[in-house]
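These are the structures in question, set out in turn.
Across the two complexes that follow, chain A remains constant while its partner is chain B and subsequently chain C.
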Partner chain A sequence: MKEGFRQAMAWLHTWTGLIFGWLLFAIFLTGTLSYFKEEITHWSQPEVRRHALDPAHSLEVAQRYLQDNAGHSGTWLIRMPNAREAALSVGYRDPDGGPRGFASKTLDTRTGQPVEARDSRGGEFFYRFHFQLQMPHPFGRWLSTFCAFIMLLGLVTGIITHKKFFKEFFTFRPGKGQRSWLDGHNAIGVLVLPFHLMISYSSLVLFMYMVMPAGIMASYGNDTGKYFNDLFGRNDAPKAAHVAAPLVPLPSLYAKVQGLQPGARIGRIQVENAGDSNARVTFTQSAADHVAYRRSANWTFDGASGALLSQGKPESGVMMTAFSFAGLHMGNFAGPWLRWLYFFFGLAGTAVIGTGLVMWLGKRQLKHAGSERLPGELRLVEVLNIASMSGLLLAVAGFFWANRLIPVGVEGRADWEVNAFFIAWGLSLVHAVLRSGRRAWGEQLALGALAFALLPLLNGLTTGQGLNHSLQAGDWAMAGFDLTALGTGLFLAWLAGKMLRSPKPMARRASRAAKKPSTETAGAS
Partner chain B sequence: MTRKTAGPSLSYRLAVTSRSLAALLGGYLLASMASICIALVAPLPRVDATLTGLLLSFVVYLLAFIWCFACRSALRAWLGVLAPSVLLGLISGLAYWMKTP
Partner chain C sequence: MLGNALIAYAGFVALCLAMEKHFVDLLGRKPRPAQLRLLRSAGWLLLVLSLVFSVQLRGWAHGLVEWTAVLMAGVTLWVFGLPYQSRLLLGLAAASVVLGPLLAVLAG
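And then the complex of A and B:
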């Protein structure tokens, strides 16, 4: 790591990339899946039926349910169904019910009856995993945010290392082993570089209050709540007056919001002190309506009289900057085309990390091409590469298989889906230890190909909502999931074929390359 | 990074460890001091100044990381993160003292 700035940066790129690459791969892959969080949840809970959107009717249904079942509760929360999410969810504070004193139910938007959907975390699992890593709070968030910082560092050091990257971008030499991996790594890295920079910096912005609290403490002291109040412009609802007053019909307030902001889609509604003369109803505009998070896009009404009391405070320029990064990261505003673009960019990020890990090992394997066994540390990297990449794919497939195969009535069903994810991941690690590198890759990818390609069939057999049904009914979330699983299966089959079929030419090429004096720059390591 | 046949020497390993710690801990200290300083000094409303400090702190962390591995010795790495931290600390202290009479 001496000799020159670029060499030092290449060294930093190589080693931080190796140490954090495995975890980053998992964060990127599950994060990419999270762009289809609602669609995955829809697939995981096929019992929740999609109906045509009718916000006023949904609100009426939700209000009726909450008045009948949660009249005693001080806080209600309603999450409206939208183009991507079929569920109308209602929740209420209830010290005796639900986790953390909050009970929630999913309602059918047409009948108003609770839907008995199978117990599953669905897309929420991948979403939570990608920033909490299944670790206790707050360690998962710290670690994943640090990984994001390492990703940003990797991008910047990568740019410095390959400062001629625009020229290199047009250099792709396929079928040349290590060279092709490097070209691919660079090409994908450069092609989606703006996305990569945005996604890693914005992850830091999302959790900066957790990982960089010194600035907040310096100007707000111990009163960090004040900082959040200043930032989000919240007004606390007054205490209940204990004077009974009926809550105005929520659809009438919805109509008022539509008058104030025509065409606004509503994301959630919070009701405080329902049935009291101090009732407050806050409508928050859906995050899908803006690129940036908007603290101004909400309206608070007096729940007893129906009068508009306040609107969210406008944002300052600095806030808009931070909120834009947050919004760009989560991509709630993205329509179908942009969402697929997000998905493919996310996959590209995953691929950059994966190719980097493969290259790190490939380059060092060349030196041992003649010997039978790899040195211990290289073998360790090989095993971890296999388990963290093809193993993770098997874990994801395991989650979806568990979702369809675990009987609906089983106690702790959602936990078992998560267990299936980790058991599959653990088994793939054991398998990678037992088998040689190429065989382990090939076998795991082949199994992954089968597992993904058969998911649509499994879905059709167990729920009757297979492709024949969903395509006809125009249920694009369900059909899109099945088709994506099929496509993933075919892609993995192609990869597995490459790995299992022709180990010979690769080995020959490798030994030839080993004999040649290395012409690569230090940056290529 | 080009590993010699005998492997890197002990002093090289210690130097790399020292640089890594300078980057990780010293860099974090510098980033924190920068965010505090901006929060207290920037001529903006309190919440905006704080937010600006937070947003920029990661750029400082990044530059500190790069410095720690690009400079000529581990000692310089530590100096490069600690000296500006002390300076920012002094400015922040002064700003804090002027704000709270």
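And then the complex of A and C:
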């Protein structure tokens, strides 16, 4: 009975892992990149200059810009610069300005003048892709949420399947073919398990309003906006009274917030009905201030008199639990060291999926070690493995190369960067179809190594902000990006070298393993 | 954070050595049962110590998160580095027992 259960779980682990592994790999890799979303955006828009943070001054220049340029608009949105993000972003509702009736500008925090930065989605692209998958709303969210569920299922079934969880806790034996892959898969899964469990469970918590809407719909019907207002202690702003009244200076409201919550960093400010006697100003605390993602940390003022109208309600235990999972998932609170750890744990999650996919195929390839050609279905898996892993890396590199090579003035420039990502991905699929497995791996990894290792050089040549400049100026986001690209290039070169060298020792091991099937691995096949 | 990381790392190394198989592999002799017991208690003690320092320095919310992070990072470094640089990693663990608490105390 017990063995039957374990076998069933192993079967589930193997097949859900295979079917969803390709997509999960992409979700995990782009999600991991999202831990450096702001830094990637900084690299993608080198025109935006970083200045010392001065929130009161930033608010002053933002208010001046919006009063001069968006006095007619009912809604303003200001996103404050912070330690990681150099840009001061302002946006306003404008029926004929920008997509979806919302115009937005990036201001220089010192001068308050709009920055003419190249049109790029930067880190936002990878961030959006990891839960929307470039699909129309809401299908991408549904699919990625389902993938998160599969990941959680994969972890639970993986733990059940793994017979020697504690006995082999510290075990990794390299250079032994399939044995090493299984060791690596298990070790990286077990040792970083708290992160894996947190990240997949919290994805479900983040989208619980979408996945389990029954409770909300029973009480609120289709007016889910009201549910969120109740939850976060927000009130919809009243309609404009059409009585002119000047908006109080935003820095004075900022000072009031500082009085209420000393040291609070502000993430965004929303202004409704500016210049009207019914003006409302809402300050929302930066997500970097708490581990939990407390969306209710906000203060609403009367924009005409400057009086404090409401504060976000204190959270209930249940809300804090949900907000904590959300906060842990996004890691907004993490300083540089913890952020790097988040990044590496994300890569570990990606590696668990990748090693699993490689093992599924490797194990089945052993049976055909002597024959010339793989059966069709195994060849399909091989091609998809290559395209979804090394191909995705080429796609990411393609995005960054496009960012530096597409001229600044081109119409729809940001879209072309995204197109470059998908074109590179598509070409890698074609390449994987045309070349034999090992060669395709090696060639794509070698190209990826070249593409990543040369990025710092490309950056230096096209923007003049290469490593020589960024290290000297202390621009760590820019330098960190270039150095990470260089490191990625070296790592891929090492992998490519392994793949392109003669595969003989591998085959010898394979035949030996085929003769003597190990009992440990039998469970997971 | 580095201090806690070193303590947690040393803790996992001790727990690893407390398993007879790894003790023999790494130190090249058979352990006495008392040695294994000592290593096991020392390992758990170091992990708890790292937790105490984390929470003390950073509060419960950040402290727990950072502790979990350095725990995972330390043990991953140990397990994947072991086949390649076992002497170096053992040396680092020995140094960590002294250096870790020192750094953690200095940070506080």
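Here, the second predicted complex is superposed on the first by the 508 of 525 C-alpha atoms of A that agree within 3 Å, B and C clash if a C-alpha of one lies under 4 Å from a C-alpha of the other, contacts with A are read in each partner's own complex, and residues count from 1 in each chain.
Simple rule for what comes next: a residue touches a chain if its C-beta (ideal position, glycine included) is under 8 Å from a C-beta of that chain, and two chains touch if they have at least 3 such contacts.
Computed from a predicted model, the values in this text were never measured in an experiment.
Visitor: Let me test your reading of the model: by the given contact rule, A:292 touches which partner, first (chain B), second (chain C), both or neither?
Guide: second
Visitor: By the touch definition at the top of the document, which applies to A:344: first (chain B), second (chain C), both, or neither?
Guide: In the superposition, A:344 contacts chain C only.
Visitor: Mind working out whether A:9 is in touch with chain B, chain C, both or neither, as first, second, both or neither?
Guide: Touch partner of A:9: chain B, not chain C.
Visitor: Using the touch criterion from the header, give the chain among chain B and chain C with more contacted residues in chain A.
Guide: For chain A, the partner with the higher number of touched residues is B.
Visitor: What is the contact status of A:370 with respect to chain B (first) and chain C (second): first, second, both, or neither?
Guide: neither
Visitor: Quick one: classify A:474 as touching chain B (first), chain C (second), both or neither.
Guide: It touches nothing on chain B or chain C.
Visitor: Show me the residue ranges of chain C that touch chain A in the complex, using the header's touch definition.
Guide: Per the stated touch rule, the residues are 1, 12, 16, 19, 22, 61-62, 65-66, 68-70, 72-73, 75-76, 78-80, 82-84.
Visitor: So in the complex, which bits of chain A are touching chain B?
Guide: Result: residues 1, 5, 7-12, 14-15, 149, 152-153, 156-157, 201, 204-205, 208-209, 212, 214-216, 218-220, 227, 230-231, 316-319, 321-322, 522, 525 of chain A touch chain B.
Visitor: Mind pulling up the chain A residues that touch chain C in the complex?
Guide: 169-174, 184, 187-188, 191-192, 194-195, 290-292, 328, 333, 337-338, 341-342, 344-345, 348
Visitor: Could you list, by residue number, the parts of chain B that touch chain A in their complex?
Guide: 1-2, 16, 31-33, 35-36, 38-40, 44-55, 57-58, 61-62, 65-66, 69-70, 92, 96
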